[in-house]
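Here come two complexes built around chain A, the first alongside chain B, the second alongside chain C.
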Partner chain A sequence: MAAKILAGVDIGNSSTEVAIASVEGDHAHFLSQHLVRTTGIKGTTDNVKGIRLALQEAAKKAAIELKDIDLIRLNDAVPVIGDLAMDLISETIITESSMIGHNPDTPGGAGLGVGTTVLIDQLLDVEEKERGYIAVIPKPFDYEWVAHRLNQAESDGISVTGAIVQKDDGVLIHNRLNKKIPIVDEVSLIEKVPLLKLAAIEVALPGHVIRTLSNPYGLSTVFQLDPDQTIQIALVAKALVGNRSAVVIRTPQGEVVERKIEAGRVILIGSKNQQLEVSINDGAEAIMNMYEKLEELVDVQGETGTNVGGMFNGLRHDLAELTGQALNEIKISDFLAVDAVIPTSISGSMAGELSMESGVALASMVKTDKVPVQRVARLLEKEVGIAVEIGGVEAEMAILGALTTPGTRKPIVIIDMGGGSTDAAMMNEAGKIISSHLAGAGDMVTMLINSELALGDKELAEKIKKYPLGKVLSIFHMQLEDGTILFSEAPFPPDTFGKVVIREEKDLTPLSNKASMEKIREIRRSAKRRVFVTNALRALKRVVPTGNLKRLSFVVMVGGSALDFEIPQMLTEELGKYGIVAGFANIRGTEGPRNAVATGLVLSSVRQEVLK
Partner chain B sequence: MNKREINIPILYNSALLSEQIKEVCAGLEEEGVPFSLQERHKTGSFIELGAAAAAMSPLRVGIGIDQNGNVCVHHEKLKQEEPYVQGNIQNGRRLGKNAARLVKGLPLSL
Partner chain C sequence: MTSTTFSIEMKLTEIGTAAKGTNPREVIVAIAPAFGKEMNKTIVKVDHASVLREILSGIEEQGAVPRVIRSLRTADLAFMAHGAAQMSGSGISIGLQSRGTIVIHQRDLDPLSNLELFPQSPLITLEMYREIGRNAAMYAIGESPNPVLVVNDEMTRPKYQAAAALLYLKECQSLVPDQKPVELKAEFLIKD
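Our next item is the complex of A and B:
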């Protein structure tokens, strides 16, 4: 019997994978594999373009012609589509500009000064000389002229207690003063500093943080506030904690409000008219705990007119658009809530300060009617002129593929960690399969990193997720995450010097973020843990009969996120606690966690032939 | 034995006005790193001047400025023809700052 050439094609949310094998009797000999980005939304005819490309490349690698392929087997894509949302549950608003809190590299002097704000060129004209003044110095003024002015004011008997400077001139001015004062520089939006108002300025010594203006009672002392006013200003103190320099300006209407946003309740609707509610202010854990009490989720709603209502409506809207279903038909079949930190620019800030507010990130998914894979199959058949058939259920194919990993056997659980969803499936000794699809995966990790580092750049966040960090210490040395030092014979590029860099395979991408390497690493790892460890446990509890994880022995991770340099280890560690052997797959002993479904598609057809 | 003074040498062509060099010095001063100004009469490229400054620098970093206002920040351990940062005297403040930050191990502003 002549060998047949078979191609397995797996269309995923983000990538399309192909495996080509030559099949003779019940023996499959794999020739090649290839991976491309999925073109269009999974399950739509746009996918054909990507499939075609993947097939051509795989055929080239196998040294065959595309037309030599006898049969293409396509996966029956899981009919779920996911989306992400994120919003604040609290926010600090300063209704009038009244503070600057930032960390210029080189402020001038040190100490505390209290006085009335006045423009530098009007300083010599002030009437009450002893009152105490804080000079406001916009960009056009040269440091030598400024220093000269300040010295003259001093000799005229005008008491100057501090200075706010727009340019990076703090040390230069300070060095030229006869009487030393604290100077806060690099205040970009200096034009927003209210003039002729009482202000306090504080600069800490290098390596220290301010102590008076970050203490509510320090502020109440400086501004002689009554208890009610102290309660009001306490939020300013809170916002200034940890800064090396700060300015607080009292404006009559200056009022800081911590607006507790009407964050709203999440309404979980279960089968048999079960309905549970939880306030989103209680945090992600409380929401997920409540979710666990539900037998089966039928839909989730957010209280209308609140933030969470807005989030779920947005998700529904996106999902309706993606699936082409009517808005009222969209039922959220799973969701994952994760606590998140959302940097929010303080309204009325003068140096671009951000305050880290608490929020919640949500991943959710809907079951779609049925992904029209048939249409994709028909178009593909027409375009390449090769017979196309739709293989079995995706979970089954993935398990068949995963079982080619050396050292595994049934019963086995696979966790497919993709970009949009985390899918799990269990196969028992008898070959029976239970599977489950959960919202939240790689894309959610990217969203969390993007937000918590205030990057505003999804691609950069994606890179931070994927690669380890380093810090360039000198022209020739870089410190790595584990503390070891790497020496380079070629000098590191000037744009990376002194910075935290993302160590891609070949390139270094410098981060302009001021956060330390440790901080960025912690955010990255915590984002991965919050999404994947949570979801792995959730997934296992669903597919394991009785939900008892101790009865499991083999857990194999597949999918794009199983390629991650640290997620699999996190899960190995976490699941090890239950005595589970968990690790990322090595499909066919060579492919790592990739190509499981495509491989399974080929193998399932071999088994069919044997059965005949 | 004379204790060598710790500073960043700035070698500059004598045709330049001291007013032009002031901004480079201001950049170094703002960062708190000492410098020493040294005039050179013969014409040499700013890269040669920078390399010479770096070679004599106790901090391994030196600055060279030629008569046309080309500036480079050089490091002793780099190849002579490849200074670390180059620019024009119009951005003197930033170049001075970068030389200081190179010594301090802080990110440069480019």
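Our next item is the complex of A and C:
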């Protein structure tokens, strides 16, 4: 029997993969493989362009002509589409400006000062000289003159205990003073500072944080508060924790409130008219726990007129647009809720203070009508002039491919971690396959990183997700994430000098964010853990008949996110607790976690021939 | 007295040949041969005194130590700054021409490379000079500042190119061949 040349083509959300094999009887010999970016949305005829390119490249690698291929097998794409949303559930509001707690790079001096706020040009006219004053210095005043004024006030016997400055002049003024006082600078909205009110100012030494004003009892001592007032002011203290400098001004009505936004309730609708409700304010864990109580999810709704209602409506709208289905036909078949921290500027603040508010991120997914792969197949057939057939279900193909990993056998579970969804499939000894599709994967991690680092740049967040970090210490030295120092032969580019950089394969991308390398790393890792570890466990419970993870032995990770430099290790560690052998696949012993479906497509046709 | 109501006078006193610095917190500002001497205003007629004071203030505010030298053998921005970087204790320097063009340089870079360059001198404001001083100081103490926003206006070229060339030629008349840079003491007097 003559050898046939077969090509397996896997169209994914982000990449299109091809495997070419020569098949003789029931034996397949793989010749080459190639990967390109998917052109257009998965399952549309735009894909053909990418497939052609991939086939040509793979054929070139195998040293054959494109027309030598006898049969192309396409995967039957899973008809699920996912989307993401995120919103706040708490908010801090300053009702009347009464506090400035911010971290200018360079405040002046150090220590604590208590006094009455007074404008700098009225300082010399005050009547009670010994009372203690805090000078308020708006932009038009030059530091040299201010320092001169403050020195004059001191020699006149006026006690000045601190200064609040609008410009970045703190150190300049401080250097020119005869009697040193704490100075907070870069207070952008200084005109909001109430005058002739009792205020306290505190600046800590570099590397330290303020201690008195961030302590409720420190504040009660400074302002002589009674217990009830102390309770009220505790939130001010809380908001100032971790700052290097702060000002608190006592105004009669001023207060800081942490308001819980009525974020609304999630309504989970199950089969048999089962309906469960859970408030978003309870956090992601409570929501996911409630979800587990449900046998089977039919749809999810958000309470109308609330944040969560808006989120689910937005998701529905996006998904309807993507799938071309009517809005009311969209049923959410799975969702994942994850706690998120969202830096938000405090309304009513004077120096652009940020507060870390809590929020919830949601990934959800809908089943759509069958994705028209047939159309893609027909067009491809016409364009390349080679017979095209549609192979089996994606999950089955992926398992067949994954089984080529050395050291695996049935029963086996695969976790396919992509960009839009996490899919799991289990094959038992008899070859029967159960599969499950879950919302939330790589794109959700990107969204979390983007918002928690306040990047506002998806591409950059994507890079942070994909590559390890480093900090360029000098033109030849870089500190890596684990603390080791790398000495470079060639000098680093000047724009990376002193910065935290993303270490891509060839380039270094400097981050303009002020966050330290450790902080960024922690956020990156926690985002991955929150999405992938949660989803892997969820996925496994779905496909294992008894839901008991201890009965599993082999778990193989495939897909783009299995290529990540730390996600597979996180899962190996987590699943190791259940005694499961988990790791990323090595398709055909050479390809790593890539090319599973394309390989499976070729192998499945071999088995068919055997069966014939 | 606010900053709009007073004038600043600058006194630059030469105190001998500039030596290599040892203070790791120092930032050298290398001014061009005619700066504050034969010439006293930038291309957009801002007093040299105000410009230099803002730069030095920016450096001081960040806790670094400014040092001023005058380049005599070259008026070329890149080489002035690169030469000064070799002498700076921190390896960071600022080069400043009389017309206002300014650059932040680092010891280990090639002369024509740089950390931050502001080529369109007519667009640089006093606030930017302060920020440039601040950034240079932050590089010196090992921090990683965000680059100062560079403004760009395509009309500056046709409008100022001739003037810029003339100012450079004028600057070059103050060159002293083969002369090493001199250390300067910069003092500022504020007057109503």
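Following the convention adopted for this analysis, the second predicted complex is superposed on the first by the 485 of 612 C-alpha atoms of A that agree within 3 Å, B and C clash if a C-alpha of one lies under 4 Å from a C-alpha of the other, contacts with A are read in each partner's own complex, and residues count from 1 in each chain.
In the analysis below, a residue touches a chain if its C-beta (ideal position, glycine included) is under 8 Å from a C-beta of that chain, and two chains touch if they have at least 3 such contacts.
Just so it is clear, the structure is predicted and the values come from calculations on it, not from any experiment.
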Partner chain in contact with A:G576 - chain B first, chain C second, else both or neither: neither
Contacts of A:K499 with chain B and chain C, given as first, second, both or neither: both
Which superposed partner A:N175 touches (first chain B, second chain C, both, neither): both
Most chain A residues touched (candidates chain B, chain C): C
Partner chain(s) touched by A:G25 [first = chain B, second = chain C, both, neither]: neither
Touched partner set for A:Y143, first chain B, second chain C, both or neither: both
Contacts of A:G407 with chain B and chain C, given as first, second, both or neither: neither
Touched partner set for A:G431, first chain B, second chain C, both or neither: neither
Those residues of chain A which chain B touches in one complex and chain C touches in the other: 105-106, 143, 168-172, 175, 473-476, 491, 494-495, 497-499, 510, 512
Chain A residues touching chain B - in the complex, by the definition given at the top: 105-106, 143, 168-172, 175, 473-476, 491, 494-495, 497-499, 510, 512
Sites on chain A touched by chain C in the complex: 105-106, 140-145, 168-172, 175, 473-476, 491, 494-495, 497-500, 510, 512
Contacting residues of chain B [partner chain A, same complex]: 26, 29-32, 75, 77-78, 82, 84-85, 97-98, 101-102, 104-108, 110
In the complex with chain A, residue positions of chain C that touch it: 1-4, 6, 57, 60-63, 106, 108-109, 113-115, 130, 134, 138-139, 142-144, 146-147, 188, 190
